[in-house]
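Please find one structure pasted underneath; my questions will follow.
Labels A, B, C, D, E and F are assigned to the chains in the order they are written; within every chain, residues are numbered from 1.
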Amino acid sequence: MKKIEAVIKPFKLEDVKEALVEAGISGMTVSEVKGYGRQQGHTELYRGAEYVVDFLPKIKIDLVVNDDQVDEIIKLITDNAKTGKIGDGKIFVTNVEKAVRIRTGETDSEAV
Amino acid sequence: MKKIEAVIKPFKLEDVKEALVEAGISGMTVSEVKGYGRQQGHTELYRGAEYVVDFLPKIKIDLVVNDDQVDEIIKLITDNAKTGKIGDGKIFVTNVEKAVRIRTGETDSEAV
Amino acid sequence: MKKIEAVIKPFKLEDVKEALVEAGISGMTVSEVKGYGRQQGHTELYRGAEYVVDFLPKIKIDLVVNDDQVDEIIKLITDNAKTGKIGDGKIFVTNVEKAVRIRTGETDSEAV
Amino acid sequence: MHDLTYVIDTFFALFAMVLIIFMVPGFAMLEAGLVRTKNVSAVLMMNTMIYAVASMGFLLFGYTLAFGAWGSDSMSLYAAFLFQMAFVGKVVNIMSGGISERAEILPMALFTVIMATVLYPVVVNWVWGADMLAGTFLDLSMYDLAGSTVIHSTGGWALLAAILIIGSRKGKYTKDGKIKAIPASNIPLVTLGAFLLWIGWFGFNGGSVGSIASKESADAVALTILNTNTAGLAGAIVAGLIMYARYRKLDITMILNGALGGLVAITAGPDLYNIYEPILIGGIGAVLVVLAVPFFDKIQIDDPVGALSVHLVNGIWGTLAVGLFAADGDSITLLGQLKGIVAIAIFAFVASYVVLKLINLILPLRTSEENEYDGLDLEVCGLESYPEFVNSKT
Amino acid sequence: MHDLTYVIDTFFALFAMVLIIFMVPGFAMLEAGLVRTKNVSAVLMMNTMIYAVASMGFLLFGYTLAFGAWGSDSMSLYAAFLFQMAFVGKVVNIMSGGISERAEILPMALFTVIMATVLYPVVVNWVWGADMLAGTFLDLSMYDLAGSTVIHSTGGWALLAAILIIGSRKGKYTKDGKIKAIPASNIPLVTLGAFLLWIGWFGFNGGSVGSIASKESADAVALTILNTNTAGLAGAIVAGLIMYARYRKLDITMILNGALGGLVAITAGPDLYNIYEPILIGGIGAVLVVLAVPFFDKIQIDDPVGALSVHLVNGIWGTLAVGLFAADGDSITLLGQLKGIVAIAIFAFVASYVVLKLINLILPLRTSEENEYDGLDLEVCGLESYPEFVNSKT
Amino acid sequence: MHDLTYVIDTFFALFAMVLIIFMVPGFAMLEAGLVRTKNVSAVLMMNTMIYAVASMGFLLFGYTLAFGAWGSDSMSLYAAFLFQMAFVGKVVNIMSGGISERAEILPMALFTVIMATVLYPVVVNWVWGADMLAGTFLDLSMYDLAGSTVIHSTGGWALLAAILIIGSRKGKYTKDGKIKAIPASNIPLVTLGAFLLWIGWFGFNGGSVGSIASKESADAVALTILNTNTAGLAGAIVAGLIMYARYRKLDITMILNGALGGLVAITAGPDLYNIYEPILIGGIGAVLVVLAVPFFDKIQIDDPVGALSVHLVNGIWGTLAVGLFAADGDSITLLGQLKGIVAIAIFAFVASYVVLKLINLILPLRTSEENEYDGLDLEVCGLESYPEFVNSKT
């Protein structure tokens, strides 16, 4: 099994989720993160002093899937999270050695 | 070394933590995440319009341990996080190639 | 490629970020986590009842880099996040099998 | 003796005015709590500037336009002015809340100026003031003590015009016509704001009696405040009962809206009713709010703070109620009330629509899609309202 | 002349009433800040409905029960009613705060109605009002200007009854009897609420003098407000000193509780003391609060907002203090005060206990364990109080 | 007749005093919103203790020092005292805000006591009170109705002394002299606080007229409140215009600071101007604030809440403005105003500096670097202000 970690723009979460659910994915875990990258942060102003906020809000999706689903999922995420503008984010894939469903004790591909 | 990632119900954190500490685990890192899964989100009501909140609050525990501890820890977490109801969460295990304690520079199993 | 996960003290984030950027790192993802470890939490007081807050605020940096950069980056983070006091945090390295830049579809080392 | 009544009425007008000024933070907190975190500072700024600009415009031009001349025999003319000035911003407040989260600030500031110095003073002149149309067939005999029509409906009609031009927030209605709830970001602020408004209303209505310095007027003021409060109580209770009956939920935002609806409804004639009638008037006000909020949503009129349901619908109802419950067949008639409602409706809606359309040509009322997504705080104020709290922009 | 004193006293009663109404958002903000985020909207809703339901019940029945008939010679009867009405909700407020985070709403709403229309009016009748028991051995001679006993202890006894029936919040006490602190979620709201209460107290106590329209009564009102404030000051300072001495911490929640304790303590006789005695009375009030909070925790009486310590304990102390500092050997005696305290204690506690037990049979007072864990906001109001802020439910 | 004016003036003084007390939560909310979340409770505690300690000190010693003796013919002496007492805390408030996020609490509490019982009473004695220096060349003829100099500059000079001793917050200025903005944590609180202050100002200035119980004084009070409000309006508008011209942003924090600057500026003579002059005076006040905030930052005087810009700079400007716009060549002259400004400046700054330096020897004013990083809430109060919200300490 593989873990797909996708860092995306927050307002794309809804689209990506819908697409994943339609594709039959039954679970995912999402967290709010801040991203630093080529996309420049915006300048804020506080009582006449300007300052740069260089960490931008992003959403990270963690998704564990069977090996054969990886490419399809990557395509799905890419298609639905893309705006074509800098800062669209990244997808990283790592290997998962074991998975357990806490409720039942099922393991591996039965667990996800 | 292995990294154990467990996604659990928030109100089980205290129990899981206690069990891990009793078992001699000296450290862990916890984050607040939102989970999408078989467990259905609840319906909220806002001024007469109902809507579904489908991401539920979960807690993710990251725990790096030596290879031989993995099974014991998985059991511990499973036992203490289980309610038997849908939404109890998952445990994923990945391989960690290197670990460093920042304070001392110690590496690998000495670092955790 | 490797993923470097560093858990550090929050007030060191700025220094670490600056050092990474100077070293040519073009991106990273940061999240707010809570850490349990050797560093003892503080005692809080609420209307005459004392209680221990044992999860301390930490920052987790996720950084995907090419294999040959790993050691340099670890050193950079270690140097800049170290205070020498308990609780400075950990660095973990895992293997990344694939990376994709969502905007362009570029993969692997071109993607980070 | 005359001196002391002058003193007491001046003091009382100042007291009432101070209560009304609590409505400035009242509206600000209510709206800041109802919008999403990314638009909170923009809303606060708008509320602050409305108070500043509208009051200043009223000082420089509006008051003279409305009342012909400065002056008052029965109390200090400064106190008389201050009391009237405290009303002005409210009209624009009612409107600005309903278009928040997507309206550009500059054109709205321009409209504020025009509203405070021309449109609203004309309405006041017509109904309460110098009455330029006296003797013509447009002369109005409507009884409207503290402005169910003059303030609340006028603001409501302007808001309706604005929403029609400006459209709904992105994401509020899906392509297939479903309504997506966009929840309030901070309920304690909403509650605080609603109660500051409620308290301000005692000054609003009580002060509108115009004098407290005789036995009769003291009774009239006390009755007015009692009835005002009762209508608010009834509004809260009825809204709660309906929500519970329909959803088994006691939705606090709807309960507060019900209370405010009751307060708007009583405003036209709190001095005319006995102490039980306000229960009916405020209760019906709450029914109307609870029906109107989903109704406006259904026809895709997107009003984030519920201002149309509270102020426009109940402004109309409250003015009608005077005709139903307190008609004396002579100066107060149902027809006279109706005529007033319609006349002001046409004037307020048409004038606002035209002015806003014209402004829209030079300065677009609607902000860019990007600004709307990022939130107006960054664009308009250059800052975040709660920078240290992690939040999820939606 | 008589007309003007009528006018002035009406105006003054309205002024005092408005100040007391600030206590509605005051209690609401205090309690919303003290509970966990997941129960904030439920608490706000409860505070709003208490004000609405209790006041409405007092208008329809309670006032007549308490005072026999509507009417007042010295001021507008509407103003006299409004001032009394402003008190009612407070009694229930005191109680509702202490059982928050675990009480079901409907049975509490029912109890509110009974409290506002029967229990509290009986107490008022007994001590301040028509005095149905005059001439019997139960006739009370207690001096209690603004309600240390009538309001604060009555609410406190009802709360004690409720906590005994309803139990403590899950997780508050561990199996081995240790206390787990459940911290307040929003300290600025707590502070805002406490100061709104403080300001409301000026109207509460000052207005209870009943008239300002003569030199003597003007002095009495001003002295009352001065002494009220001084007791609050002393309470804050003494609570701060004790916390610092014991923990080296100036815990703001305890300092504010100390101030409120001082304010409750002075309420029985602020017009009777010289300008220095309130320092002692308020200071002792704070000592009692600081001792009582951990004491109630120790005996596992779980009171999230500290209402027992503030209102019950100091209601008793304040009433006693009148007997200690202001006994005149004639109408005011220590024994008379004691008799009043005990009589009201028995009536308020027993009546509340019985009524709550009966309600509990039909509608269980305690919410389900699941609702308690998820927070009452979702169950009761159907929404979250701060939906955009990530938070950790505990 | 005399009795009734006594009654009315007592009532009015109590009304004004209550409005001023709203400034206690006003300052508390403003400052709690402006500092970072980790220092919020410490700031709230400081504001609460300042009110308690300063008022208590004034009751026990300060009032006698300032006015020679208790007593008043024209109103209840208790009301006269309360009105003066309401001012005291403000002086220290002004100062405490500017050194927040890094000052230790105990030495500041000590300074509060000295300020309230000695330094401020001396200034009051000098300018408004018993005037111990009458007849000497230090006798001041400055006109300062409600304290542009006596309150605002005095507090401002003390703050400047404190900042010079205590230094700036860690991280505010980088080694290479760049300014790092440290944003406000909660903008709705800032706005709420600013409006509570604004409303309090009506009592502050209006009450300072001293009487309302004659036709002339009723007019004077109403004019004073009108002009006070107008200066605030002008301040908000001008600050908004400048920010928009320079940055295309309508920064709400600066707009509110502009309004407060206008309010400080008008405070020396709101009863002396016609109804248009306050536009100029308040507007210039806002210009000064907008220039002063970056100026103090440039010279690395770190003032997290902008108190120097609002209170010190405009306290001076407001006092001068009386000399410019309302000099009568006789009792009010530009030179007399200048002399007053300089005399109080020297006294307030030097005395504060010396006292703070002495305190610093025993109890260091600056907290430890670790406490500053962790936030004062934990160290001082032992709790977190928003424990359930995840936040990023910076």
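Before moving on, here are some points about what is shown:
Throughout what follows, contacts are C-beta pairs under 8 Å (C-beta built on N, C-alpha and C of every residue); 3 or more make two chains touch, one makes a residue touch a chain.
Worth saying up front: this structure is predicted, and the values here are computed from it rather than measured.
Shared contact partners of chain B and chain F comprise A, C, D, E.
Looking at chain A and chain D, the chains in contact with each of them are B, F.
Steps from chain A to chain E, taking the shortest chain of touch contacts, total 2. Looking at which of A-F and C-F shares more C-beta pairs in contact, the answer is the pair A-F. Mostly differing positions are employed by chain B and chain C in their mutual contact, as under half of the interface residue numbers are shared between these two copies. Taking the mean of the C-alpha atoms as each chain's centre, chain E and chain F sit 33 Å apart. Note on chain placement: the centre of chain C and the centre of chain E lie 50 Å apart, centres being C-alpha means.
For the pair chain A and chain C, the distance between mean C-alpha positions equals 18 Å.
Looking at chain C, residues 31-32, 44-46, 94-95 sit in touch with two or more other chains. Within chain E, contacts with two or more other chains are made by residues 4, 8, 11, 15, 183-184, 186, 192, 247, 249, 251, 253, 381-384, 386, 389-393. Inter-chain contacts, as defined above, occur between A-B, A-C, A-D, A-F, B-C, B-D, B-E, C-E, C-F, D-E, D-F, E-F.
Listing the residues of chain C that touch chain E in their complex gives 44-51. Residues 2, 6-8, 31-38, 55, 58, 60, 70, 74, 77-78, 81-95 of chain B are the ones that touch chain A when the two sit in their complex. Only residues 10-11, 32, 42-46, 57, 59 of chain A touch chain D when the two sit together in their complex. Interface of chain F with chain A (complex): residues 179-184, 243, 247, 249, 251, 253-254, 257, 290, 293-294, 297, 306.
Of all residues in chain E, those touching chain D in their complex are 3-4, 6-8, 10-11, 13-15, 17-18, 21-22, 24-25, 28-29, 32-33, 40-41, 44-45, 47-49, 51-53, 55-56, 59, 75-79, 81-82, 85, 105, 186, 189, 192, 380-390.
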